[in-house]
Structure formats: C-alpha cells, structure tokens
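Each chain carries a letter (A, B, C, D and E) given by its place in the written order, and its residues are counted from 1.
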Amino acid sequence: MLELHSLSKHFGGVRAVDDLSLTVNQGEIFGLIGPNGSGKSTTVNLICGVFPTTSGAVVFEGQDITDAASHRVVAAGIGRTFQNIRLFGDLTVWQNLWVAQNSVEERETGWFARWLGGQRRGRDYAGELLKFAGLADRANELARNLAFGEQRRLEMARALAARPKLLLLDEPAAGMNAEEVGQLATRIRALREHGMTILLVEHVMELVMGVTDRIAVLNFGQKIAEGAPAEIQSDPAVRTAYLGTADA
Amino acid sequence: MLEVQGLVTNYGMIEALKGVDISAAEGRITCVLGPNGAGKTTLLMTIAGLLRPRRGSVTFEGRDITAASSAAVVHQGLALVPENRLVFPDMTVRENLVAGAYTRLARNRGEAMADLDRMLERFPVLNARVNANAGTLSGGEQQMLAVARALMTKPRCLLMDEPSLGLAPLIVAEVFNIIRELNEDGVTILLVEQNAHMALTVAHHFFLLDQGLVAFDGDPGAMAEDEVIQRAYLGSAGG
Amino acid sequence: MDFYYGMAQLIGVHTLLGLSAYVVLLTGQVSMAQAGFFAIGAYLAGMLTVLAGWHIVPAMLLAAVASAFVATVVGFPALRVKGLMLVVATLAFGEAVRIFWFNFDYQIAKGNIQVGPLGGEGFKQIRYFPENGWSTADVALFIWAWVIAAMVALWWLDRSRVGSVLRAVGEDELAAQSVGINLTAVKVSAMTIGGFIAGLGGAIYAHYTTHIEHLNFGVILATFAIAYPILGGLSSVIGVLIAVIFIQGFLVEVLRFMGDWRNLLFGALIVLAMNVRPDGLFDARAMRTLRRLFGARDA
Amino acid sequence: MSDFWWDVIDPIQSVLDGVMFGSIYALIGIGFTLIFGVMHKINLAYAAASIGGAYASLAAFQLLSAPALVVFLCAAVASGVIGYAVYICCFRFIPEHLPLATLMASVGMLILIDEVVVHATAGMPEPYPAMFDDVMIDLEPFWVRGDLLMIFVLSVIAMMILLYILYRTRLGIATRAVAQQPAAAQLCGIGQQNTNAVTFIITGALGGLAGAMVGASVGILSPLLALPLTVKGLIVTVIGGLGSIPGAIVAGLLVGGFENVFQYFRGVTERDIYVMLLLFVFLTFRPQGLFGRMSTRD
Amino acid sequence: MKRLLTIAAALGVAMSVGTAADAADRTVKIAGFGAMSGVVRSFGINTQAVMQAAAKAINEAGGVKLADGSMAPMEVTFDDDRCNAEEGISVVRRLASGDAVVGVGPTCSNVAEPLFGILQAKAGDEGDSGLQFPIFTDTAIKGGLAKISEWAFRNVPNESQMYKSLFEWLASQHPDAKSVYGGVEEDFAHSRFTWYKVMKTRSADVGYEVKGESKWLLNDTNFTTQVREMKRAGADIIAISAHPFTTCGVLKEMARQRVKYKVLVGLTSSSSLETLNGCAKQAEGIIIPTSFAPVNPEAVAAADAAAALGGSADLHSAAAWEIMMILKDVIEAAGIQATADSVQADRMAIRDGLANLKTTKGLLGEIQRTDEGEAVKPYVYVHADDGSWAVLHDPNA
C-alpha cells in the first residue's frame, strides 16, 4: 500500500534518513522503531510532505506522492498524529474534528457546499469518533483544557476524521501510563478491524511488540532490521543499536 | 548531594513528571535510564531551572533550588549539558567557552581565562578548531564543546542529557571516557542516557524512569544488564 | 443628534476597516496592507459616483470587488513570507498603493469645477450623500446596515466551519496541513474577504469625508486597521467593535475635554491596555460572560 | 562642462550621497535586526525613540550650547534610556506567547513618544547642530559633503563600537548567546531578561545616534521623521536578512543609494515605489535577505 | 449587563455635547478649532491665543450688541482636530450640535476640504442635506476652497494675487533677473498648489522664464539631488513652496552647495517663527508676501495681546483676530438673539451677513471679499533680516 523507495533526507551534512526502502501492506500494522535520532520522525514527515526529500520516492496505492503538499497527502488517504501533540488548542474538541473533516467532504461535495455546510453535516461521524476516543462528553471543551491522555486521543480522532486509509502514528504512547497504553493498543487493533492500515512509530515496546505485525528498525537513518516482533527482539543488530557497542 | 522529591512537571500540555524521587550522591555517577517520553529530559530541565515544577522539591547541597532561576542554579555549582548539545552555532569554539564562564567573567576574568586554556588542553579536538564557528563542528565535537562549556561554569555537579545521542560508537566511547575522567576529578554526575550499555559501565547507581515515574532504583549489579535493557527499551520480558 | 450620527458613521467605517484585518489576522497573518485595500475602495467608489454618476450601492460593490481582486493577487506572494517579513511586505504594498494614488491624475469638468483624483492634491467633492439629500441619520443607518451585514456574515463565518479552519491555520499551520487543509486556499481566501471588506469600508470613507488624499491612507491607518482586532481580542467580531469604540469613541472623543493631555494619553492608554489585557479588551472569557448574559448555553 | 557630462556625473554623485546617507538607515536597521535577533519581536517604537533621543539632546545644545559631538553623545544616552523605558512598557511584562500584544504596545509607545516631542516643542522644527556642515570636499567633478562624510564616519565608528561590544565583551557574548540559543544561554548563567534589557539600551543608544545623524544631515529635527525612518528601517532589516548585522549595514547603504538613483531618474513621487519593488524582489528571490540564513531552528 | 449599561451611560455622558446655555447669561459662542497636536501644533496654539486675545479685547470694550440691544460677551472655545480629516468632521458636527454660532478653523487645508464638503453647498437648498453651520477659516490656505460651500468663508490671503504682484515688483527691482526655478513639496496639497497654480503661472505671466522645479516630499531628509538640479538650472530667482521643515532643510543644503541666486522667494506659510527658529541664517533674505506684519499700531497691539496669552501673531493667526472683529461687526449688523432657541437662526443670519460683505476691516487695511467667500487681503512683502521678519516693501503705501 505504502512504498518507500530509497528515500533519503539530508540536513546539511547530516543524513537523517539514508536510502530507506520499505513496504507497508494493506491492512497491516507496521512498526517503525529505533533509538532517538535515528530518523523515524523524519521519515513520517517525508511521507507527509513536511520537508522536501533529498532523493527517493514515496508511493501510495500506486500513486507517486513524493514531495506532494501536505494537504494532498491527506486527500490521498494518509492521516497522521504528531510526536508532540499539535492540536488546535483554541478550538473546541468538536471543532478540531470538524476542521479535519474538511478534506473528506471536498472529495464528496465540492468546496462550495463544504465551506458553507452547516454544523450538522458530518456531526454523526464526528460523534462516532468522539465515542471511539472516549471524548463524547468533552465535545465543547477547548482542546487546550483537555488532560494529556485526552489530547492524545483527540489527536488520533482528528487524524481519523479525514477518513484516511493509512494512519501514521508518531509515538502515540509517549508519556502515557500502562493502563492508557493498554487502551491505546485496543484502539489500534480496533482500527485495523475496520480495515485501516497503520504505520506506528513508537518507543514504548510493550505497545510495538504487542500490536504490530511487522517491524522495521532504523539506526542512523538506515534500516538495520525488519521482521516480526519476536525476530526483532532477538536480533543482535537491534540490540547493538540500543546498547551501543560494548567494547569500542 | 542532589535530592529530587515528588517532582511533578508539565512539559507543554504533557504532564511529563508525575512525582519523581531521585538522588545523586556526591562524587558518583548516577544514571537515569528510560525510553523516550519517559520524562528524562524534563527532569533535568526542571532541576536546572529551565522549567518550573508544579509540585515537589529539588535540593542541592542542602539548599532548596526548586524555584531558582537557571542563572541562580548555575551559580550554585550545578551545570546541565543539554540534549542535542545546543551550542551557540554562530559563535566560535572559544566564544562558546567564554559564554560558559559568563558568571565568572565579572568576578575573576583572569582565572576564567586560565580555565579556558586548561579546557582547550583537555579537549585537543576543540583546541584544533578553536576559532571555527561551533555550527560547523561535527556532532562529536559539538558534544565535547557542550561538555567543556558546562565545565567552564566550574560545576560541582554536572547533569548530562543523552551525551551519546546521534554519535558514532567510537565517539560515544570517547565521551564516556571523559565522563569517567571528570568523575575521577571529583565532579558528581547525573547522567541521562539511552545507550544503556555504556551508561551502565560507568554508573555507580541507576534509576529507571518510565512514563513519568521511577520504575526501578538500584545498583547496576541489582539487575542483569540484559534485563535492564529489556525493561527500558524493549518492553518488559515477554511483553 | 447630528453629532452622534456622525460618530456612528465614523465608528462604522472604522469597524469595517478593523473587520477586514480581523479575518486576515485569524489565519495568523499580520497584514499592514489593509490601508491599501481601503484606499483602492475609496478612490474607485469615489470615481464611480462622482465621475460616472453611479448610484452609491453598485459603486461600493464594484469598488469592493476590485479591492478583493487586488487582495487575492497580493495573497499569493504573501504566502511565501511570515511574521515580520509579512508585516514589512504588506506594509510596503500598502505604501506602494498610496504612492500610486499620489501619482494618479484623472479629472473631468463637472459644472464649473474640475472633479476627480488629482495626485497629491487629492480627490475632492465626493458629495453623493448631501447632494442626494441624505440626512446624517440616513447615512448613519446606511453605513450601519453594511457594518451589521459584515459583522453578521463574519460572525456566522466564525461559527461555521470556515471560522474553525481559519483559526486552525492561524494556530498551527503544520497541523492544519496535516488534516488536509489547503493553506494557500485558506490564506488567500482570508485575504480576499479582508480586501472586500476593506474596499467597502474605503468606499464609505470616501463619501463620509467627501475629500480623500493619499496621505489619509498611510502607515498610521494600516496600523489602526490591525490595532482594532488586536486590541479587541481575536475571539469575536464584537471585540473589533469594542476596540473601535475604545479608540475612536473613548480615546478620541470622550477625552477631547482633556485638551492637550488627550494626545499624550492616547498612546499611553494603548500601551497600558496591552499590558493589562494582552489578550485584548474583549477576550474569550468576556465572550463567554456575554453569552451567559444573553442566556445562551456555552456552545 | 557639457550637459552630457553632467548627465553622467549627476547620477553617480546621487548614488554617492545616497550611500553616505544610507549609513543612517543602516544604524536603524541594525537596531531592528538586533532586537529581532534577541527577542524575535518587532519594536515599532524604535525609530520614534531614536528621534525622541535626538530631541532630548537638544537640551544640551540649547541650554548648555555643548559642542556637536557632545550633543550626539547625549542623544545616544537619552535614546538608550528611552529604549529601556520601551522595554519595560512594551516587552517586559507582556507574555512571550502574545507577540501581537507586544507589537501593539510598541505602536502605542511610538505615538506616545512622538506626541511628547510635539508637546515639548509645539511641533516646531528645531535646529540641530552638525559638524563640518559648511565644508565641501571638492574632488572635481565630484564633491563630498563634509557633514555627510562626518555622518558616514560617525556611523561607521558606531557600528564598529557595536561590533566590538558584540564580539569582544562579556555583554556581547551574552547578547549573542541569548539570540542564538536562549535555553543554552540560561544554562550558562546568562539572565535572559537582563540581556534583553541591555539589548534595548544598546540599540537605543545606536538609534539615538542615528536620530542625531538625521538631525545633523538635515540641520533640523522634526517629529515627522519617525514614521518614514521606521518604514525604511524595517525594509533595510528585511533586505539585510532578519537578525543579520552585516546584512543591515549593507542593506542600509544599498537602500540609500538605490533611493537616490531612482529619485534622480524617476522623480521623488515615484522613488519609494522602486524601493518597495526592491524589497519585493528580495522577498521573491532571496527571502532570507542578503546575509540571513533560512532558519532551521524551531 | 448592569456594568455594560453603566459603561454605556458613562460613555454617553462623556460624549454629550454642551446643551444650550441658560437664557439668563447670554453669550455669543465662537468655536475655534485646529491642530493642537502633531507637527502643526504651533498653528493651533497661535490661533487659540489670538482668538482669546481678541475676545478679551472685545469683551473689555463691552462685548457684542445683540438684536434686543443688550450687550453679550463673546466666549471662545477651542478644539483639537489633530489636522485629521475625520476628527475635523467630528469636531464640526459636535460644534454644529451645540450652541456655537460660528466656527473658526481649521488649520490644515486637508481638513478644510472635507469640512467644506460636508457643509450645504448652496445655502437654503432643500435637496442638499449638508450641515448648515458657518465656518470662517483663518489658516487653511490652499487656493479656491471656499467655493465648495456657501457656508464656508475664508479670511486667508489670496496667494494668486500676492505672488503676481510680488513677481511684478521683483521685475522692477531686479531687472537683471530673468528666470525662475521652483522647489516644491510634492505631497503637501498647499505647497503643490501654490507652486504649480500660483508661483509658476504668475511668474510666467510676468515674463520670467520658468526653468523647472525640484521636488521633494513632506518628510524627506536628503535634498542633495534636488539642490543639485536647482544649482544646475542656474536660475536667477528661486521660489520655494514648502513648509518650514523642508524649507529649512533645502536652504541649508543650498548653502552647502553654494547655490547662487539673485532672489529667494518663499511660501506664505513660511513667514512664521518656525522658519527663523529652524534656519535663521540660511533663510536670510528670503522674500515672502504676507498678509500680516506688525506695521501699524493696531497690528502691533493685536500682536502684543496675543503674545500676552502665549501665542504669536503671524499671517495665519492674525487672520483669526480679524475674523473676530469681522464677526463682531456682522453679528451686530445682523442682530442675532443668542438664545438657546435661536441658534440655527443666528447661524443663518451670520452666514448671510458674511456672504453680503463686500469689504471688511483688516489689520493692514481694507480687505475685499469675493462672491465665493474668499478674501483679497492687503499684503506686504517681508524678508528675513538678521533673524527676524522685516517689512521689505508695502505695495499699498
């Protein structure tokens, strides 16, 4: 579904992502892990068109979306969350979702009807999402007044509001407690049941090991391993990446 | 020497520390391990006075520095080597070091300058590029510079935030050698690391931070190295 | 009474100016070009009523459409820059518009006098209102019909999805893009709406003062345009109106009795207001209080 | 000399004069750029404070009939004080995440300073002392205005002093450190607020000198000067590249020269349109300005 | 809600216009207005002082005789319009809503134009809803403004006539001077009008060769290029049509570049203290036609009375003195009632009285009045002589 072909991104002399190729299949939960600074977030940002790529290509459902503007990537069917939550704090929970439904309706109704569309349009779907995120009773709260866990959930709901086919989750569990991580895992699995494909960038291994089908490991911008969770856990290269070399 | 009790801090909209108790004993290397997002950086920033905690206290050498400004903290003899180095990119290596000695320049410029020369002796890498802009240095050199800059404040306790981040293995080893040497010179060190193996080789005591709480507190021997890594990074066994 | 109608006219004109900056400011763009759009509206509408003899309403609409068009054209390059650069770029654009009118001559004979814009000497005798027997009250009502239309439209816009989208862009462009918002479309649309409203305001202004000249449309006016929404707080169109009343009503008229001191207080009170209420005079909290007053549920 | 030769010489002479006068724009541009570099905010009251300082120094001129150079220094000192007042009134207490409030407060300050000047002088133009204002250095066929040369030289000296302060003193280290990495600067024990205040004082002093130079070059002061200087200063800042001092210097001279060329060829009424066009050209083709870098810092 | 209402009420009270005075103490209210802030503040200060001095003089002499034969004092108020069109309109609307019978002002031509525009164009025209309030202008001098409305009158000098006679006189005094070169402040309406429509055409009428003009803007600071053009033109007469600030800047630059000329002519408004304050040395010798100079006892007395109240009488503010005297005469001739109910009738009477004047008294002699509400004032030529203005020639003498 999503293919990265020899993707590279250099910042000055730093090779944040270096010749990275990988394929995420339809309906899969794919994990992307690696030590801090290994290029995971940069990869997400390249897919979403936040920075221009240095070289390589991003192909989604057979369509080349390399360096497409962010909103085109969303329109193509990719949604994302951010590592350091980026909600619209001065908008209410409900408005956050409403804004995100914009692009879906553009596809369905054209821009004029979408812009002038009243509040009712899309309310049902938004309501469902809020229920899914456990925020149904918080709809009229300003996003910035939410608790941290709620904000994470809202951000995910916001990404879903645009009805993506592929969801990129950038460290969704960071800062969560064990119970919340458990709920998150349930939620991610539920999404897959609905046919969503997920690319999960994560540090919390309980989550990654627990929900993913396949994992790729990055270090210094390069892919050093790929495989099922169990394989990764026992892969010596992965251990070295996290450990550092014992005797340098 | 450094006592942190019940620290609660928000980082942006995130409650990053949810009541952390740690301590660093004088003359030792204390290491805080934990996955990303565990709150390690927030912890150090709170101690250094860059963030205000919502609750809890920080005591250094018996004095309460919980609400002190970072300038006051530096004055007390506590220095932080920040994550990602944060060198002053458009200043030369020498100027970066002078900036480190900022609080001492007014009182005793001569001594500060003498220290600067000693620092350059100690870090030959920096000496070689003393007039180059810090932004042009390699990652390892920048890390050395960040350490040297922090040392220019003449700290009795040094806080280090992931000094191995993004460095090649050979350089990481070099950084850790310096950490060991500094400690041998009598500097107390509180180290936040991701490179668990390297950290455990130098640390006298370690804490495991997970999701804003201390998950483990003990000597390196208390848990097998593999177990530590497993817990810290790859999830609890079998998870 | 005439005086109050006159004040109402003045406040109405400035409210339109403030509203035009308000829309643009919602998307996070500080535009100093509003005075330029205002000038375009003023000159064009004046020329249409005076030189072409049009009725005021079509003249205003055409002038507003023209300034909206110019705003659209300005909106695209303005996308490339942000923050201070945008302030300076739009400031420069506004000044360029002013200098254009400074160099613009087009006069025809009307009765025994020459009318039309005459460069540095300005454009006089835009006397549509008095010539057609409109009383001060008529004019005030006419102006307020437009102001209320604009306020209601923006109020509605604010509460519709568009408002959320504009604010989302203003708050976090990257996040907005990543939920599928087309930044270009949104920012340029905001500029266009702002240009239209500024054009309307300018058109009324020309007929209100009967004489315009390029010096009226300088940096000071551009600053006032953004001052209204900033001082008023960006939470609602009401804030703009309150800020206009604060500046044009309170600082200018009410303090007139202070004579010499008035002008010193003018700047000082603005400084004070921003220190005491950095979120604006009418911030989100005030907004909620107001809603409660009218018995509305927090929605 | 034939008319043809005058047609060649005059524009060159115009550029020469413009470039020398441009040193004043450079001083103002440096002020904007330095404050922006350190605080990432615009101080719109800056040019007004500069003119205000020049006015304040008139006291030294009129009451003590101090020599011109002393008057210039008084202007710098007075403007430094005003700069500090601007910092306290418009920057110190307004929360950092509300840049619009700061912007507006500095506009209020601009109006206030201008109006104080008007009150003190009834808006009358006041004669301002100059040095060498009757000297003409004749370099046939060109000539150099003595006072403009003096202004140029003084501006250059002021810039050199500024660069010395920035690059050779403890204060300069602090200023640059805060501008480049505010968090790391704090970790070095550098107080951010003190540094900000000091930056306002230094830039204020520089602006005061610029105000004095304007007064000296025209021979009179008027509160009218504040607004056009603000606009030109901002343009210079952007063309030079935000936060770049060398950029502001070069851009100041460039704008000064450019302005005079177009004044010569296209007349004064169109002159400023071309200055704006120059700005647009930069924004389109080199948005980072002459010496600025595309910032990657977040 | 209560608080809102209180605020609204407070605003209303503070903005309220003065209500008509008690019938018992009848006064004739004359409302002055002009610039009390900004760069032209000194004009407003002078006008205010002169008006008050004139009112004082009139009141000390018993006041104004009303229709019923009783004497009423004149009361002068003064408002600041910041030299801003919108504020000027607000001020005049406020005055018109109050009990002032006539307005005296404004300072700036760019305020006068819109003000005259909102007045009724033809008095008594039912179809024209413009304000019906007489305005008698002392300062705003740009040519041809009073014809905008029949309610607008001016007592400002007729520049066209003054410069024509000045150039004629110069031709007789300096037969060797053949050419004229101008300097004009392009973005200021008055300066621009005076150069292009007055100085340039009038000097050509007299037979001078006009060699062109240098242009600068109101707040320019660098005049080297313009003065070089001026020097290159090498005209015998240099005429500068600009306000004191740039006039001084240009004069200083001319001194530096050693521009040679036989005669230097300045703009009427520049014959004020400002010019001498700014550049007495460089302005030495500049010739300006003006409608006021303390050349006779009456003028000296007026100037002294103004000085006693902190203002200075110059060609603009002295016009305000004359206006007060003219108003006194007009009011007495028209016989107004000065009661709360008669305000509008009084205004109409004053307007008609002003409109019917053919001549009035002035400080320098008789003033002719045109059908358009403009004055043709006697004038003298002054020149800057040793740091003060001295009368060079009195064409009427």
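Just so it is clear, a contact is a pair of C-beta atoms (placed from the backbone, for glycine too) under 8 Å apart; a residue touches a chain by one contact, two chains touch by 3 or more.
Everything quoted here is computed from the prediction, not taken from an experiment.
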Where the contacts of chain C and chain D overlap, which chains show up?
E
What's the overlap between the neighbours of chain B and those of chain C?
A, D
Using the touch rule from the top, work out which pair, C-E or B-D, shares more C-beta pairs.
C-E
By mean C-alpha position, what chain is farthest away from chain D?
A
How far is the middle of chain B from the middle of chain D, if each middle is the mean of its Cα atoms, in Å?
42
Between chain A and chain B, tell me the centre distance in angstrom, where each centre is the average of that chain's C-alpha atoms.
31
So what's the Cα centroid distance for chain A and chain C, whole Å?
42
Express in whole angstrom the distance between the two chain centres, defined as the mean CA positions of chain B and chain E.
75
What positions in chain D touch 2 or more of the other chains?
115, 118-119, 227, 269
Residues of chain C touching 2+ other chains?
102, 120, 260, 263
Where in chain E do residues touch two or more other chains at once?
37, 186-187
Pairs of chains in contact here are A-B, A-C, B-D, C-D, C-E, D-E
Using the touch definition up top, name the residues of chain C that touch chain E in the complex.
1-7, 10, 102, 113, 120-122, 124-127, 129-136, 138, 208-211, 213-216, 245, 249-250, 252-254, 256-257, 259-260, 262-263, 293
Contact set on chain E toward chain D in their complex:
37-42, 45, 186-187, 215-226, 228, 232, 244-245, 248-249, 252, 255-258, 273-274, 277-279, 282
So, in the complex, the side of chain C touching chain A is made of residues 159-162, 164-165, 167-168, 171-172, 174-183, 185, 284, 298-299
What part of chain C is in contact with chain D in the complex they form?
25, 30, 77, 80-81, 84-85, 87-89, 91-93, 95-96, 99-100, 102-103, 119-120, 218-220, 223, 226-227, 230-231, 260, 263-264, 266-271, 273-275, 278-280
Along chain D, where are the residues that touch chain B in the complex?
167, 170, 173-174, 176-177, 180-181, 183-191
